[in-house]
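So, here's a batch of structures to check.
The same chain A turns up in both complexes below, where it pairs with chain B and then with chain C.
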Partner chain A sequence: MPNAIKHVLFILVPLIAVFAVLPGLYQNHLLLFNFVTFLILAQGVNIIYGFTGYLPFGYVGFFGAGAYGFAVLVMHYQSPALVAVLAAGLVGVLLGLLLTPLLRLSGAYFAIANLAASLAVLHLVANPALEGITKGPYGVSLTGTFNPSHAYDAALVVLTLTVGGVVFLKNSSFGLALQAVREDSVSASMAGVNVVKMRIAAWLASALVAGLAGGIYAWYVSVFYPDNVFSGEFSIFAIVFALFGGVATISGPIIGVLILYGVYNLIGFTTPQYFQLIYGLLIMGLVLFLPAGLVSLATRRGWHVP
Partner chain B sequence: MLTYALVAGVLFGLYFSLVGMGLNLVFGVMRIVNLAHGDVLMLGAFVALGVVTLAGIDPLFAVPLAFVLFLLVGTLLYWVLVPRLQGSANPEMLSIILFFGLSQVVEAITTIFAGTSERSIQSRLLGTVFSTIKVQLFGGKPQNGPIRILGQGFPAPWVIAAGISLVAIGLVYVYLYRTRLGTLTRAVMSRRDEALASGIDVDRVSAAAFGIGLGLAAVAGVFAPFMFGSITPAFGADATVTSFAIVVLGSLGNPLGTALGGVVYGVCYMLVQTYLSSWADLLPYVLLILILLLRPSGLLGRRVRVA
Partner chain C sequence: MSPDTKPILSVDKLVKRFGGFVALDGLSFHAAPGEVLGLVGPNGSGKTTAINVISGLYAPDGGEVAFDGEPIGGIASHKLVHRGINRTFQVPKPFMSLTVRENVRVALAYGHIGGTPPALDALLDEYRLDAVADRPAADLNSAQQKMLDLVRALATRPRLLLLDELAAGLNPAELHWIAERIKQLAAGGMSIIVVEHLMGFIEHITDRVIVLNAGREIFEGKLAAAVKEPQVIEVFLGGEHAA
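After this line comes the complex of A and B, so read on.
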């Protein structure tokens, strides 16, 4: 059996099946939806950071832009939710295209420029001068399209596509070429890899995923403010979840989300400061003691982790 | 209006240079992105607050206190965090995440002890030591009015902060170019491997730079309540991005570049604030992206970017 089919059968299918069945068994649907959203975002980060080495510190920019793409289409054109979700993905891709010049930067410069870009989009959307289009800082309310169960199903479809994309990257020469570019771009280009095209493809794919996730998030919550959908927590959580499990694998980000976001919800929200303290310490411990993620515990022993 | 904006821009700019200076030193020497920089600024502000509320003296006394305190904290922190980090596969990227974690810890601890309310210090308290000395030596009455420059009145704390910043920048220059440790620091900045190979104790030099960087940030933080009106534990995150804009605008590893970057940033900020106030929030981010794309080495820089 080829590896790709194995990965689909043993990782993708069980994951989707579990999240398709859970809403019938468990009451807190918002929590399940958040799990799916973070699974999508963590895999999106995996595509760009794991396979190309660019750290998208302002990843939430695409998510928020998608959410507002959805909102603008629904508010001004009364379009159906599904069309608006597709448009949200398109908005993510367009923002990604606009930001492709950032890929010329390397290392920390890229991360910081990306962070600045996401904050610039936030301040643009939240600007009172644009109230006519985005409602500025006053937030949007999309009660007309409110339908959480359909939104949840749409999120599962996007999750399937995203994890499927990562399975493809893991098992194709395209993904191998991307990793070659990450390790040593000069050698990769000598070997006939079109470095620029590869990077842009991965960048746009992860932008698309975040845009779609943002659109679906807007559909699900239906009332939100710029600070909600552009909250830096989305970027940070997605990056930390992906890193905690281990990037450039299929299962790493999934394990990361299930464990860390699970712990997050177990600790509870009653005292946010203590929570922030524990979380900060966890992040520091992760970087200092387990920089290659949980899966490195297995790979160090020579076990193969998909 | 224009003169006011320009002079205020230069005053703020000098202060902003001090804000960015520590970050520049840390990134230049260690290639480490200190995302907790803004949080050190915030802690510096709390040192000033503590000096005022506990001792009831001029917040200027918090300047040496904050510097020495965070010089020690920084050196200690360096030995705990950085050697381990440098051993990993991709220290530059992981440093972003590590120091993000640190900034979360700092913010959480400060919130636990100080609450989330906005704190401010009465601006007339700053510089009382000067007016007291003046009164004792020359007689006359203490005055707390605005300071007049080019026919415009500016709040005294702005002028004092700009003056202290200028002194601090001068001292950093003296450190880097007139002391032995400073020369070694510049050697590590330009070629870390070669510095190591030629027998320089890179870790010691870096620890000193890290300590000084944090110390400078804390000194800048002492003036933050006066320059920004008030301070909360969540102030750090914004301050970090602003500092980055300033550092990148100048250039990495060049303190004079940061001074220039700060002044350019301050003047732009005041001009936008005066003429297009609703867009002023966007400025640091847009400026940062433009500079990174058009001239990534900064206004005075050597080439630092590789694509």
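After this line comes the complex of A and C, so read on.
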């Protein structure tokens, strides 16, 4: 059996099946929706960071832009929610295109510039002068499209496509070439790889994923402010979850979200007073002892982790 | 080179500056199919810069590089790879976290347009990498990493191959072995340019050498003749040795 089919059967299918069944068994649908959102975002970070090495500290910029893309279409054009979600993905891609010059930077410089870019988008959207378009800092209310269960289903579809995309990257020469670019861009070009094109492709794919997730988030919550959908927490969480599990794998970011976001909520429910302490220690432990993520526990022993 | 063979590569009055430093100062030479050409010269004479310009890493600041009679100066590396130029690096640059096999697969998948790619396992076998094929490139010793660099280049079926100090750090048995491989590649019609400090190795494999000093050629011909040339002796050993 080819690896790609194995990865779909043993990772993608069970994951989607569990999250499709859970809403019938568990009452807190918002929590489940948040899990799905972070699964999507962590895989989005995986695509750009795991496969090309660019750390997107301002990843939330695409998410927030997607949310507002959704809102603008619904408010001004009375679009059906699905059309608005697709538009949200497009907004993510367009913002990604606009920011492609950032790919000239590397390492911390890229991370900082990306963070600055996301703040710039936030302040553009939240500008009172744009109240006629985005409602500025006063937030949007999209009661017309409010339908959490459809939004949840849409999130599952996007999660399927995103994880499917990562399965493709993990099993194709395209994904291999991306990793080659991450390892050594000069050697990659001498292997015949168009380095610039590859980086842009991964960047836009990653932006698309976050844009779609943002649009669906807007659909689900229906009332939000710029500070909600551009909250730096989305970037940080998505990055920490992906790193905790281990990037450049299919399962790493999934494991990361399930464990860390699970623990996050567990602490939040049981001992909220120790929340930041416990969470902080957990992340410090990760950075100190498992910089390559949980999956490195297995890869260190020579086991292959998909 | 016989006079009727058309050069595959001609470098004409090539200039490359880095700020105020002139690394190539009007370098001219040519290479023919099936020929092993040596580029020799003291450190800083522009050998590696010449290779970097020919392989598209740097755009030239003046002069011209022509491959198959067409100017290629300033064309992106991956496009030159598709046309049939490839190289190895002085410090080998494999994709460290990928396995040896994956390293070569990238080049097989992206390195050439049309035609059948060379067989991966045969290539690994031929360059003694079969035993480590599924290990990450980071686990390889430096000689093996050099071979991986070479195999990555060969996987793209180059017609012009630039070898930047491939022999440095190899033991005598490996040197002898790789020299035979290089000669065989050239016998198959490949044009090979070798940058090297090991004169014995150069003597053994090259048909012709270009001696560089301060970014331009000062001698062209057999290595045996080069060492009798006063200007070459002066550059390598200092003025008092030149008779």
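Note that in this section the second predicted complex is superposed on the first by the 300 of 306 C-alpha atoms of A that agree within 3 Å, B and C clash if a C-alpha of one lies under 4 Å from a C-alpha of the other, contacts with A are read in each partner's own complex, and residues count from 1 in each chain.
Here is the rule we use: a residue touches a chain if its C-beta (ideal position, glycine included) is under 8 Å from a C-beta of that chain, and two chains touch if they have at least 3 such contacts.
What you are looking at is a predicted structure, and each value in this text was computed from that prediction instead of being measured.
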Chain A as common anchor, with chain B and chain C clashing or fitting: fit
Vertex chain A, arms to chain B and chain C (CA centres, degrees, nearest 10): 80
Partner chain(s) touched by A:236 [first = chain B, second = chain C, both, neither]: first
Winner by number of chain A residues touched, once chain B and chain C are compared: B
Partner chain(s) touched by A:127 [first = chain B, second = chain C, both, neither]: first
Contacts of A:273 with chain B and chain C, given as first, second, both or neither: first
Touching partner for A:47 - first (chain B), second (chain C), both, neither: neither
Chain B versus chain C as contact partner of A:283, first or second or both or neither: first
After fitting on chain A: smallest Cα gap, chain B-chain C, Å: 11
Touching both chain B and chain C, residues of chain A: none
Chain A residues touching chain B - in the complex, by the definition given at the top: 53, 55, 57, 101-102, 104-109, 111-113, 115-117, 119-120, 123-124, 127-129, 232, 236, 239-240, 243, 273-277, 279-284, 286-288, 291-292
Interface residues, chain C side, partner chain A - complex: 55-57, 76-78, 81-82, 86-87, 89, 93-98, 102-103, 105-107, 109-112, 149, 152-153, 155-156
Sites on chain B touched by chain A in the complex: 27, 31, 33, 81, 84-85, 88-90, 92-98, 100-109, 111-112, 237, 241, 244-245, 248, 278-279, 281-282, 284-286, 288-289, 292-293, 296, 305-307
Interfacial residue positions of chain A with respect to chain C in the complex: 173, 176-177, 179-180, 183-184, 186-195
